[in-house]
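Below, subunit A partners subunit B and then partners subunit C, in two separate complexes.
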Partner chain A sequence: MEHYDLAVVGAGPAGLSAAIEAAGAGMGVVVFDENAKPGGQLFKQIHKFFGSKEHKAKTRGFQIGRELLEEARAVGVKAELNSAVVAVYGNRELAVSQGEKIKRVKSDAIIIATGASENMTPFEGWTLPGVIGAGAAQTLMNLHGVMPGKRVLMLGSGNVGLVVSYQLLQAGCQVVAVADIARTIGGYGVHASKIARCGVPFYLSHTIIKAQGDGKVENVIIGETDAKRELIPGTERCFEADTVCVAVGLSPMSQLLGQAGCRMVNEPQKGGFVPKVNEYGETDIKGIYAAGDVSGIEEASAAMIEGRISGAAAANAAGFMPDGEFKARFEECETSLAQLRRGMFAPGRKGAEQSETDEGIPLSRALLSKGYIDENELSAFPGFRDCSALSETYPVIECTQNIPCNPCQDVCPKGCIHVGNDITALPVLNPKASCSACGMCVAACSGQAIFLVQPHYEPGYALVTIPYEFFPLPQKGDKGTALSRSGEALCPAQVVDVRDAKALDNTRLLSIKVPSSHLNRARFFVKGDFANG
Partner chain B sequence: MRIKEHPVLGIPEKGKAVSFYFDGDIFSGYEEEPIAAALRAAGVLVHRHTSRRNEPRGIFCAIGRCTDCVMIVDGEPNVRTCITPLKEGMRVQTQYGVSAVPEGGDANGTL
Partner chain C sequence: MDKVTDRSPVGGEFEPAPDDGLIICRCEEITKGEIRRAVYDGMYTLAEVRRYLRAGMGLCQGQTCRRLVMGIMAKQLNIPPDEQEPEVSRAPARPVEMRALANTTWEGVGGL
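Then we have the complex of A and B:
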């Protein structure tokens, strides 16, 4: 029987990180993944990540995936793909299905990092072709270059629903609505705002009634729900759509752990049944660990750190990593993880109604229900400053929730933006610093929440610089329409500059000229005449 | 419905162009992409009909878990088209229950 120091199940961010850590310490490591390609969800994630530098913030998911694969290769991790692990036994044996064969493998330690599976919510017509999971949409468009549909209704307003909606727009699809039975948007406000200003409407307290059509989805009916989550008659509305994308949550894929005999607990905050683990991710069976989404749904950045911890712990337990080194490694990882687990979306606070930020500023109600912040709510936040009298350019930071993120502070060469050591604090504009209009903060902001404003560009006109990640890219001189935060047509606008550089990493900077009165409103641009819509 | 150029990912990397048969007609796609991706790009949504209630099914998970996308490929039924790479000349058929023709139909000459 094959024998390894460590076998890792799942080559996603958690599994790869675990393998790198352990192999780096000298262990003989094999990683099994049922997929033909390693990377788990990472290669579908094309947005810039949150967090801080050590969490690889402002790097896109698929690039992080490439880096992990290179690191894994460099330290000699052996990867077996198209290899589904069908059973894990308490005596630390695994059954691996490869093609027609099932082989048995023995390993001194096992780290299970199988990730999550998507939840489904049944509704009339949910089996019709055209109803797909959010993961399927990502797979089709981001891995295979195929548009999942032309007109898509997104069910679910958590981060997955919001991020995938934005990616659908980037792929050239239309998103006709985001509907969610919850009363408030579940994901980050900045993710919601990115799609709201493109004109995607949000329907909170709405449920899907049915998807219908002849052999495939042709239209979708949603309706408003009351406090008891029951449909309010007469509120039905119908959308023409060929695709319903379902993003109603994830569940840990923890079956292998249950079957191995690990103690399991049902923890709704973590997404369902998860193994009971210690601070190293070790289950109650010695030598069997769980890392990443399988031990509680979080994000890729947290999954990578959990993987590192389990990998280091396995190496330490088997004598490959001295105690002192392990202790230092563990503490470093713990600090990094703690940073991510703070703020309004921290694992323990998810789902709880919150009314103000950690700084005591009332949350924008519009942001929570419609996906965009009202202009008159902005002045309460420290990233906003009314400088219409100023003659130079200044940034406006529309980041109003405590999320773990600080690239804005990191990239500014002039010290204009301050987040501080607690990366979930709201970014604060430093009134004394002077902005050079370099645009780095606009491109680096993972939430695309920073805009540059130059109040007196020309007599009667202001210049607004926005992040832009769509094709076709508008060109210098193009005339069109400025859209508001809600995606409403505001006024005529003209593109006076388009910046594209390697350092911007495909977030182009569009500078548009708008009448001065719209300086605090214009947040998006579309080509085409203002008057003719 | 293919993405010609993506604002972040650029021009999708594809294998060489190949032809395949879908229910007897000639279709085109790219080598090594999943059969289901080629079909979706060509506007085909229905992959099979269930045996009991004859309901249409198409892609749902796209990662080989739900089996909604199974079809008959080169004569073999129940092939998960979302994870099976496309090859030149492949014969792909809509699956009815576990066969290639609707109940009561004629199994000959469908290819």
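Then we have the complex of A and C:
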């Protein structure tokens, strides 16, 4: 029977990180993954990550995936793909399904990093073709280059629903609505704003009533709900749509742990049945660990750190990593993890009613219910300055929720933006520093919440520089329409500059000329005549 | 289950609901009404419902419907959904061809 120092189940962010850490310490490591390609969800994640530099912030998910694979190769991790682990036994033996055979493997330690699967919600017509998970839509688009549909209704306003809605727009689909039974948007406000400014409407306190059509989804009916989440009769609304994307949360895929005999607990905050683990991710069976979403739903950045911790712990337990080194490694990872687990979306605070930021500023109600900040709410936030009298360019930072992220501070060469050591703090504009209009902050902001404004570009006209990630890319000189934060057509606009550079990592900077009065309103651009819609 | 459960139906006749026809377990095509009826008939745990109806016993092994079935059961039993027992996870965790199972020697597994 094959025998390894460590077997990792799942080659996603947690599993690969665990394998790298352990193999780097000298362990003989094998990683099994049921898919044909390693990387887990990372290769579907085409957006830039949040966090700080050490969390690989402002790097796109698939790029992080490539880096992890490179690292894993370098330290000699053996990866076996198309290999589903179908059983894990308490004596640390695994059964791996490979083609027409089942291979039995013995391993001194096992790290389960199987991730999560999408939740579903049943409604009339949910078995019709066209009703898919948001993750499935992401797989179709970002791994296989297939559009899931033309007109999509997104069910769920958490980060998955918001991010996938944006990616659907990027793929050329129309997102007819984002509906959620919750009263407020569940995901990051900045993710909501990215799609709101493209004109996607939000329907909070709404439930899906049915999807209908002849053999496939042709239209979808949603309706408003009251405080008890009961449908209010007469509020039904019908959308023509060929696809319903369901993004109503994830469940840990923890069956292997349960099957191995690990103690399992049902923790709703973590997404369901998860193993009881210690601070290293070790279960109550010595030598069996759980890392990443399988031990509680979070996001990829946290999963990678959990993987590192479990990998290091397994190496330490087997004598491959000295205690001192392990202790230092563990503390470093814990600090990094603690940074991510702060702010208004931290585990434990998520879903709780919150009314103000950590700085004591009232949260934008409009952002929570409509997906964009009302102009008059902006002045309360430290990233906003009304400098319409200024002659030079300055950044406007529409970042109004405490989320763990600070690339804006790191990339500014002029020291205009201050976040500080607490990376969930809101970015503050330094009134003394002067902006060089390099636009690095605009491209680096994973939430696309930073804009450059130049109040007096030409007499009567201002220049607004926006992040832009759609094709076809507008060209210099193109005439079109400026859209507001809500996606409403504001005024005619002309593209006067399109900047692209390697450092911008495919977030192009579009500078548009708009009448001065729209300086603080114009936040998106579409080609096409203003008057003709 | 560490307590004695009274499984005799309570509250009179089984009451049909308008959405009873909704399919919940897609793999085995088990409806909401069938699950509600199973609970009425005395199936109080997920494991019992799985054995009785085969809900969650198909291709996805309940990965999609487990949460839904538990929600329906909790409502029917009038208990919080998180207080229910999980089902027992068994190998194989993924569908495996019979010949693959047959091609494998299993000495030493599970005390064989």
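Going forward, the second predicted complex is superposed on the first by the 533 of 533 C-alpha atoms of A that agree within 3 Å, B and C clash if a C-alpha of one lies under 4 Å from a C-alpha of the other, contacts with A are read in each partner's own complex, and residues count from 1 in each chain.
By our rule, contacts are C-beta pairs under 8 Å (C-beta built on N, C-alpha and C of every residue); 3 or more make two chains touch, one makes a residue touch a chain.
None of the values given here were measured: they were computed from a predicted structure.
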* **Fit or clash between subunit C and subunit B when superposed on subunit A** => fit
* Asked: Which partner does A:Ser251 contact after superposing on A: first (subunit B), second (subunit C), both, neither?
  -> second
* To do: Pick one for A:Pro148: touches subunit B only (first), subunit C only (second), both, or neither.
  => first
* Once the shared chain is lined up, is A:Ile361 touching subunit B (first), subunit C (second), both, or neither of them? -> neither
* C-alpha centroid angle, subunit C to subunit B via subunit A, nearest 10° -> 60
* First, second, both or neither for A:Thr127, with subunit B first and subunit C second -> both
* Report for A:Phe470: first if it touches subunit B alone, second if subunit C alone, otherwise both or neither. => first
* **Which of subunit B and subunit C A:Cys198 touches, first, second, both or neither** => neither
* Check the residue A:Ala380 against both partner chains and state whether it touches subunit B (first), subunit C (second), both, or neither. => neither
* **Partner chain in contact with A:Leu390 - subunit B first, subunit C second, else both or neither** => neither
* When the two structures are overlaid on chain A, which partner does A:Ser117 contact: first (subunit B), second (subunit C), both, or neither? -> both
* Asked: Of all C-alpha distances between subunit B and subunit C after superposition, which is the least, in Å?
  -> 5
* Which residues of subunit A are in contact with subunit B in one complex and with subunit C in the other? -> 34, 117, 127
* Along subunit C, where are the residues that touch subunit A in the complex? -> 19, 22-24, 26, 32, 61, 63-68, 82, 84, 86, 88-94, 96-97, 99-101, 103-104, 108-110
* Structure fact -> In the complex, subunit A touches subunit B at residues 34-36, 46, 60, 62, 117-118, 127-133, 135-136, 139-142, 144-150, 170-172, 215-216, 469-471, 473, 506
* Structure fact -> So, in the complex, the side of subunit A touching subunit C is made of residues 34, 84-87, 89, 93, 95, 97, 99-102, 104, 117, 119-124, 126-127, 251, 253, 255-259, 264, 266, 268, 272-273
* Structure fact -> Within the complex, subunit A is touched by subunit B residues 1-3, 5-9, 12, 14, 33-34, 37, 40-41, 45-47, 55-65, 68, 82-83
